[in-house]
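All remarks here apply to the structure that follows.
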Amino acid sequence: MAIVLGPNRYGKAEVRVVHVDRAAGRDGPDRVRDWNVSTSLAGDLAAVHLSGDNAHALPTDTQKNTVYALAKKLGGIEPEAFGLELAAHYTGSQEAISRARIAIEEYPWAPLGPGGHSFARSGQYTRTTTVIEDRELGRSVVSGVADLIVLNTTGSQFWGFPRDEYTTLADAYDRMLATTVSASWRFRTPDADWGPAFTAAFAALTDAFTQTPSYSLQQTLYGMGSAVLAAVPELCEVQLALPNKHHFVVDLAPFGLANEDEVYYAADRPYGLIEGTVLADDAPDAGIAWS
Amino acid sequence: MAIVLGPNRYGKAEVRVVHVDRAAGRDGPDRVRDWNVSTSLAGDLAAVHLSGDNAHALPTDTQKNTVYALAKKLGGIEPEAFGLELAAHYTGSQEAISRARIAIEEYPWAPLGPGGHSFARSGQYTRTTTVIEDRELGRSVVSGVADLIVLNTTGSQFWGFPRDEYTTLADAYDRMLATTVSASWRFRTPDADWGPAFTAAFAALTDAFTQTPSYSLQQTLYGMGSAVLAAVPELCEVQLALPNKHHFVVDLAPFGLANEDEVYYAADRPYGLIEGTVLADDAPDAGIAWS
Amino acid sequence: MAIVLGPNRYGKAEVRVVHVDRAAGRDGPDRVRDWNVSTSLAGDLAAVHLSGDNAHALPTDTQKNTVYALAKKLGGIEPEAFGLELAAHYTGSQEAISRARIAIEEYPWAPLGPGGHSFARSGQYTRTTTVIEDRELGRSVVSGVADLIVLNTTGSQFWGFPRDEYTTLADAYDRMLATTVSASWRFRTPDADWGPAFTAAFAALTDAFTQTPSYSLQQTLYGMGSAVLAAVPELCEVQLALPNKHHFVVDLAPFGLANEDEVYYAADRPYGLIEGTVLADDAPDAGIAWS
Amino acid sequence: MAIVLGPNRYGKAEVRVVHVDRAAGRDGPDRVRDWNVSTSLAGDLAAVHLSGDNAHALPTDTQKNTVYALAKKLGGIEPEAFGLELAAHYTGSQEAISRARIAIEEYPWAPLGPGGHSFARSGQYTRTTTVIEDRELGRSVVSGVADLIVLNTTGSQFWGFPRDEYTTLADAYDRMLATTVSASWRFRTPDADWGPAFTAAFAALTDAFTQTPSYSLQQTLYGMGSAVLAAVPELCEVQLALPNKHHFVVDLAPFGLANEDEVYYAADRPYGLIEGTVLADDAPDAGIAWS
């Protein structure tokens, strides 16, 4: 048996960059982009691992600098556009680097007050994107949303499930349904109207959550993914991970009280976890998009 | 030297209770109260510590049950009102318990879509309250806000400070100012219009943050505390803890780029931490309110 | 364009189960297994997503119950053995379920004092395992370690790297190197001496970290992976993710002090992130092992 | 009503400094001190808040620099000694600053391998200290331990408690007891043998946890505090906060299984929280020590 090097990549993770666009001048409004950028490079890096020859290892410190420099050069553009430029920079300028992966989390801020210069972090969700450029395999863009916590107080059921020796769960004909949405949608091509695409996908996702009659969180997941694909033709695939954040009706009978779906215990762990993919049947092969 | 028992208290922490008010019926809108309740009892508890006699130790499990039962009985009321009822329950029903402390975090939810039954957790801030009732010393209510992240892109300065052998900081005549607000305001009496008081205090706090020309975060803190007291006469004291979430202008000169307050590095640690109290000069003695 | 369901799975995540083996009796020592178990099932679940027919969806609540029941039946065995039994339970008893994935985190506890009944959570690392059984594709076991923070005060270099327009990093001929180890090793067959394999892999990993002269964290990664494969013949592949937890020498020159690699600033973000795979050249195909 | 400024302080929080003592030379062993230092200054700071006059506000950036500079000058000394020096520096050099508060968390590292230059973060506990110097009121030192998770598999009871209308808890004659220890001990004078005092207090604390027959966590708390005071005469007061990390025996009866205290569910929230103080009856007044 010999030992060999397999797939590898390296980069700088969680570069926190905030860009302020002051183009509107003294009276504003300014525009704020608040990003957490992680970059990863791959290519001809065997010698770095095997012999300590770093001739191909552009430092991660340089990668950090590059994020800041391009934030200046490119201005407060959409994160997908930034990722594409940044990825192209590496594959275009470093011969040893054949693939670059750029992941960005964007934290939205809402205007605060009338002055045009004040903001409050919205906290409602995180916008995400992952751009990959491979010199041979091309480019991919996967965007999405995370940390979005949503709740339906009615309209969810769960019954008709199989029962085995370890099943004690009762049928539910009207339960609370809450989840923290993590959704990622793949673009057919690395060329779209990024801002409107996000807005439309987000709206479709939340509309489907609120309006889908649900016999399971799986069904809700499928409804959410389908709605996103139907709303944004530039997309071909949606992956969702939906934790079932259980809200249990508290048994108040020992205290002589009826609990008519009023008082709930919001549990931390364990939680259900529903993961699934919804696709257009003509979706191009994903290639490296999810790597 | 002998060893003695000093001050003590015990209770159940972080009871996660969600109350849904469905009074509006099928078409809604429902109203959601999402709370994290911590209760603490004190009193004649020496024997519990010293001899293992638990006759005075109402179980923390019972305290958890009581939170749920009262959530049913009281409905989705303001957290201050709930805290007062819950505290009074303990001091009124347990002879050994002379003091109860109820701390509540409320997580706001925003309506999602038109159906009246769907919500998204807002994430912008946490509303807080701490109610204490002592059978001899009376009742106090301290409310506030936490986890509110705000940012001014201009209008903040910091110069004229002393310099010693370890000082390298340059004067700043126009810096970015960001902080995560933790503010607590004390009510003069345990009797107020809780909801409107919160709304007014929150508005005054954020207005002051956005509109105070700032020579230091201390000055901003004083402005915020003063504004809250001026806006809500039922209040007599505000305590604030404001971390200075540093946003440093990235030096792009090594790359031949000018950074005209556009590109910032958002630092995690260390951070400045400014803590201060603002009072009405006729504020009654705080007593146990902050304990 | 039609919309179709793609890969999916569901289960109960983060079931916190602690097993106490009291077989040694009153004088102990007891043995404690502290686990965080996540289970995921896949198979014929299209109807669950598409039509709300839950006949194939064994509840996640049942999966939670099953973890506890099997913990009783199986006792405090190695986590890999537990995962194999649990996975086989699902694929063997639920016709619709063709694949089960069991992920376990084990938190080690150290004996505390002489009594045999007291323990302190060690906190130094988390032991991990992921077992997958697919009715057609067979079984896989990947184990590993996470949350292990290690530090070399000397013996690490980084120089000879390429420089571009954004490079400002200086050569380092003797730097501090710290990382939080996340390593996962794949077994050739689902049949090994699990406990000793973990012990040997852990020792090889840490020995390699401490003893490999390092020209880059990539080289250290390769050394660590190689050492694990060399030490444990039952293994065929190691995947590592090593964040470079930067410790920067603080510039004390402004204060007239020389810092001879004594005083460091431990940075949070950004951090380098080095990811790589080390393989035996005769490693069987990974199949679904990493899914 | 006029508005006035109340108590206030400001400083730099969470300065992450790692000191490597290389005095033992090439063959080591090196000694590592890994600290999280927070400093706070108070004094004549009204103008800073009220008029934007910063003449008394030594920058928090300077405070950060000072931590690093003194780490160099003082070397890898005990955290209490470091805190005393740092506090004295401020009150001794800044006329406007009459009080300084230094809080330090120390993360212990264990040697890794034989080389003398490698370490693994122990993760078992955090050592803490808070030093306050006030030009008029003198100096105080409070040290302690945090994040220490301990568990007794037997020897704990809880019964004989009062029952009210909301009580459903059953008597427990042999329960699992687990807690995360946060303990702080006050020194009689700011002058002690810091390292041995910590070692002795830690040993007394854990011995008492393991050896105290417990009728409640309150009794365990008192036993732990008493043991610390008895073991370390330099101490006069111990404050403890002990969350009761509930481990519930899982009901396996629905599955036809007996659970003889083998299988537990480790709950996250809610948790009991027991807080208390144990004092020497001749303890000097605490003054500002806990502020």
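Order of writing sets the chain letters: A, B, C and D. Residues in each chain are counted from 1.
Simple rule for what comes next: a contact is a pair of C-beta atoms (placed from the backbone, for glycine too) under 8 Å apart; a residue touches a chain by one contact, two chains touch by 3 or more.
Model, not experiment: these values are computed from the prediction.
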Exercise. Would you pick out the chains that touch chain B and also touch chain C?
Key: A, D
Quiz item: If you tally the C-beta contacts for A-B and for A-C, which one comes out higher?
Solution: A-C
Quiz item: Taking each chain's centre as the mean of its Cα atoms, which chain lies farthest from chain B?
Solution: C
Practice problem: Averaging only over C-alpha atoms, locate the centres of chain A and chain B and give their separation in whole Å. | Solution: 30
Exercise. For chain A and chain D, let me know how many angstrom lie between their CA-based centres, rounded off.
Key: 38
Practice problem: Please work out the Cα centroid separation of chain A and chain C, and write it as a whole number of Å. | Solution: 23
Self-check item: Two or more partner chains touched - positions in chain D
Solution: 16, 65, 69, 166, 168, 254-255, 268-269
Quiz item: Taking the complex as given, what residues does chain A use to touch chain D?
Solution: 165-166, 168, 254-256, 268-269
Quiz item: For chain C, which residues are in contact with chain A within the complex?
Solution: 1-16, 38, 40, 45, 48-62, 64-66, 69, 93-94, 96, 157-164, 166-169, 214-219, 221-222, 225-226, 229-230, 237, 239, 243-244, 269-282
Exercise. Give every residue of chain C touching chain D within the complex, in rising order.
Key: 16-22, 30, 32, 34, 65, 68-69, 71-73, 75, 109-110, 112-113, 115, 117-125, 147-155, 176, 206-207, 209-211, 247, 250, 252, 254-255, 257, 259-268
